[in-house]
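If you scroll down you'll find the structure; I have some questions about it.
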Amino acid sequence: MTRKPTIITGTVGMDAHVIGTKILSRAFRDAGFNVVELGCLTPTDEFIEAAQETAADAILMSSLYGMAELDLRGFKDKCREAGLDDVLLYIGGILGVSRHDFKDDEVKFKKLGFDRVFPPEADLKSAIEDLRHDLKARGKI
Amino acid sequence: MQTTVRQKRIDEDEFLEMRKAVLAEWPTGKEVDLEEAVEYQRNLPASKNFTKVTEKLRQEGKTNIFPRAGTPVLEEEIKLVKTLVAAGIRHVPVTIDAYTRLHQFEKAQQALEESIKTGRPMLNGYPIINHGVKNTRKVIESVEAAFVPRGAHELAMEIALASGMTSAGKSSLFEFGSYEKKRTLEDCFKRSQYTDRLAGYYTERGAVISTDIHGFIPSGTFPLSVNIAGIIIDSLVAAEQGVRSVIPLLHFNGHMAQDLAWLKVAPRLLREYLDRFGYKDTIIPGVLENQIPLFPVPQNMGGAFAYLNYSAMVAALGEAQAVFVRTIDEGAGVPTQEAHALSYESANWILNVVRTQKIKLEIEGMETEERITEAEVRAILEKVLELGDGDMIVGSIKAVEAGVIDSPFCPNIHVKDKVLGIRDSQGACRYLEFGNLPFPEDIKDFHRQKVAERERAEGRKMDYQVVIEDFWAFSKNKIIGG
Amino acid sequence: MQTTVRQKRIDEDEFLEMRKAVLAEWPTGKEVDLEEAVEYQRNLPASKNFTKVTEKLRQEGKTNIFPRAGTPVLEEEIKLVKTLVAAGIRHVPVTIDAYTRLHQFEKAQQALEESIKTGRPMLNGYPIINHGVKNTRKVIESVEAAFVPRGAHELAMEIALASGMTSAGKSSLFEFGSYEKKRTLEDCFKRSQYTDRLAGYYTERGAVISTDIHGFIPSGTFPLSVNIAGIIIDSLVAAEQGVRSVIPLLHFNGHMAQDLAWLKVAPRLLREYLDRFGYKDTIIPGVLENQIPLFPVPQNMGGAFAYLNYSAMVAALGEAQAVFVRTIDEGAGVPTQEAHALSYESANWILNVVRTQKIKLEIEGMETEERITEAEVRAILEKVLELGDGDMIVGSIKAVEAGVIDSPFCPNIHVKDKVLGIRDSQGACRYLEFGNLPFPEDIKDFHRQKVAERERAEGRKMDYQVVIEDFWAFSKNKIIGG
Amino acid sequence: MTRKPTIITGTVGMDAHVIGTKILSRAFRDAGFNVVELGCLTPTDEFIEAAQETAADAILMSSLYGMAELDLRGFKDKCREAGLDDVLLYIGGILGVSRHDFKDDEVKFKKLGFDRVFPPEADLKSAIEDLRHDLKARGKI
């Protein structure tokens, strides 16, 4: 990569599950990204502030406790208002409540403004490739 | 940092003063009449007392299932506990919703009302504070079983115990190390001292309230010594406040010789430390076990059944009194009723078939695991005492700051997170990075040797990447990653 | 009754004469060119040899799954074995359809043609005789695994071995005691001598063909001593005909100490008897295990998973080389592809996780079970030898007539059926009725005591009714009925 | 019972499964029935002959291997031809091939002429009651 892109990571809302976002953060750091790690129990506003402050290229959000949909209503609008139109939004974890088809999550969270949605068994290596690909497409790297 | 909290019983007058403020937090606080509640508790049959139910299971040589469940609407909660008890369950946990845990009683009230109106549960647990004593007694009176709240802080515990729950399940290190991001350990100890003191108050008046204690739970592959040390610390804290029945809640990590060794070491050392600090009349009526849920991915149903059955098998061989097995939906989301039923039906098959055989077994290497774990737990506890000048609470707070108590992948920013665990080539959990864990050199060498053995066997370096691979092994029908 | 069959190797010329008649039974018999087939066998890689695959699993400390499968249409059979091998299976059994087993080749041909036309399998197995050598080689050449036919008599075995299958799975006592209503044991021995002699012929020429041996399978709760004695008898019969690799196929009954004891006793005694009769160069490359399928009713899915996981667990702890676990559909009907996949996925989780740990364990009471079983097996075998004047075959035929070899709930009218088994209060299998089993009094007393213990514990008489209750226990999440 | 009714038991066709029919036979014998036990691997004709010879009141047939439907096509007609119109026909075991709904078996085998059809988990005590009830209804006991 010619330039070191910056990403924001964290688990959103009142969700204390932290293991996934910790692993993810390290994987992206090891792959050459500049990672701002917010940890768990992170309100949406904190994601936005961090992205503004660091001129981030992407937000990689996690949610496991099943309430992501509620937590993220209106999030994309807030991003736009904050001038983060151009920041890529990715989300992963366990996004629905009971056993369900991941396809439903994908549709739902894309509607909420996310560019990519990942299932629990997501492979981080290919997620890194995805991000590189998307950043290239946008001329960011 | 200067800590104000000490390992010392809260003075009764002071406690009664504290209670006033707690009970004023929400209108249902008024429903708690402590003397009436003590009387109510004293009249409960043995079948509703957590300590006695646990003791009975031990005498009968049975292993039961200890589920997780809680739903907002009263009638639904009653239906739920009836279903559980009909399935043979005798320890009923009432999981409290996340809003209540986070002190957002107003929000919980709204969501409860909405749940009633819409007929759909809008909370992920039972909002015990909003329901209050009268309603909660209806739940407890609907079945013959012993109740324990999960995730109860001060006011929630007041209502739980006044309603007839008989275990004050609460653990400072668990809360601190697994649920909180910024809260200090000091603060967590303060909250537990209150609930422990409350349990002690009942106990002194003839109504034995136990407390079941998680300790610092291992995240991922991590030897259990930090966890067991934490269980002992939390138990001593509880005993000082007058708790006379403590129940360790251990965690499996999947290696039989280790898991069985841990099941033996934990109550033995707990007994020793309780005695040493003069809590001779605090009993350990039994041991509960938890299946480590890390981390079958949802798609693999055969593996999910195997994992829970294997956990039930080890709990039965270890003669635990109850085991929390994860349902087949664990990796998929909140389990459906059907998933609960199927999973417990499956585990019960194993528990019944194995316990009837009264198996006594020896596994090669188990003694070594016991010896190693014992040395590690002692090293941690003695260092804690040293740091605290004999005060377990002060020592623990300093120990966490110093990384003498540490755990990987922790949500709390106050935890060092300088340690890592990994599997050896037979699947046992070993320390890969010791951080500041105060272990003797020979113990560290033991771990290093085991790790080196796996390095040789696999012809690669054991590092963070392998740690992550190990994480997912059970999802891939294996105990070792790679 | 005068028996003509003897424990004596069939003379080679006589054998070659017999073969002519056998090969003439169906046109595909012409495809068998024995010398070419021996050459073909000798060129097979180790991964296709049943003996070598079994030995390798033993060296690697692995337990594999040994499924049951067979479907009529060639292309489907190839698909099936590919699926099995992709799932990690290395011992592939080809179940032969019932028409072929019953010598109704014409009917099998019709049903095969209809299956091809309609695309629906009209046979419950692979009609090996109709397919012949050329087609069957296509199956075997499609994967890297060792094959064994199930239910093959003379011509079927000719085709199986000429096609490259490397185990002549066949057991006189199994056939006689489980599948046949009127056929005599003498007749069953004759058929096995042929197939054993055929396996011996290949073996003498450098292509080792093993035989995996079931013995008289226990129906319901029944101690394994009759079964083990039968395995030894059938093995000696095979060895006399030149078989140099015998693989016991044992049965679990669900009591861990017993099951593990049986797994140790069977190969030990088998080795002893093989040596005693001069078959020192006949090896035992490993042991296979069978989950006793009695009798989860179809509705109970959780129990079905638990049962198969438990069986996998015991097989892994007993270090068997492979285990036949029943699918979750066992009580419901022929398993679907999905049921196969899910069940083996589940069992594999257990097998991998447990074997990686290299567990060596001792269960209290296991030695007693070994001692008792050993005494019983010896008592049966010595009596058989006495009855046969040193001839195992003659002795066995007389022993069945006399009830010295006996089994309950048997289909065959020539079996006495005067014996019964029952569980003791810890779930071990005991004899309730000994019939004419030739056990020493102290052994009988041991069983009587154990039965009396359960009578006291349950305050009721142990009789036929309880035997039936025990039958269904596993379907009710229990090991003991009632 | 005033009179000792006679029943024929056995597993039909090329089916070697015998345990169920043995248990069943003993249960009915213990309950006071006269039981003619044919065992496994019993052709339909043998059932008919035995019923004729013993003037049986009922045939209690078993089948486990999944081919009962094929084995029993035309069986009711043969019974009629043999003058066994009045003989009760019961069947039990595992009547279908793969995992399926027992209700389907019931419909199928009632169409084939059976008076009662039993699932694998059938309770023999209540089967005995059923037979007594049916025999009473027909004035046989």
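Labels A, B, C and D are assigned to the chains in the order they are written; within every chain, residues are numbered from 1.
Methods note: a contact is a pair of C-beta atoms (placed from the backbone, for glycine too) under 8 Å apart; a residue touches a chain by one contact, two chains touch by 3 or more.
Remember, predicted model here, so these are calculated numbers, not experimental data.
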Centre distance in Å when subunit A and subunit B are each reduced to the mean of their C-alpha atoms: 31
Centre-to-centre distance between subunit C and subunit A (centres being mean Cα positions), rounded to whole Å: 56
Subunit C, residues touching no fewer than two other chains: none
Touching two or more other chains - residues of subunit A: none
Graph class of chain-chain contacts, one of line, ring, star, complete, other: line
Pairs of chains found to touch, sorted by chain label: A-B, B-C, C-D
Subunit C residues touching subunit D - in the complex, by the definition given at the top: 98, 102, 124, 178-181, 219-220, 297-299, 329, 331-336, 339, 409-411, 413, 464, 468, 471, 475
In the complex, subunit B residues that touch subunit C: 254-257, 300-303, 305-307, 309-310, 312-313, 341-350, 352-354, 356-364, 426-428, 474, 477-480
Subunit C-facing residues of subunit D, complex: 14, 16-19, 22-23, 26, 39-41, 65-67, 94, 96-100, 120-121
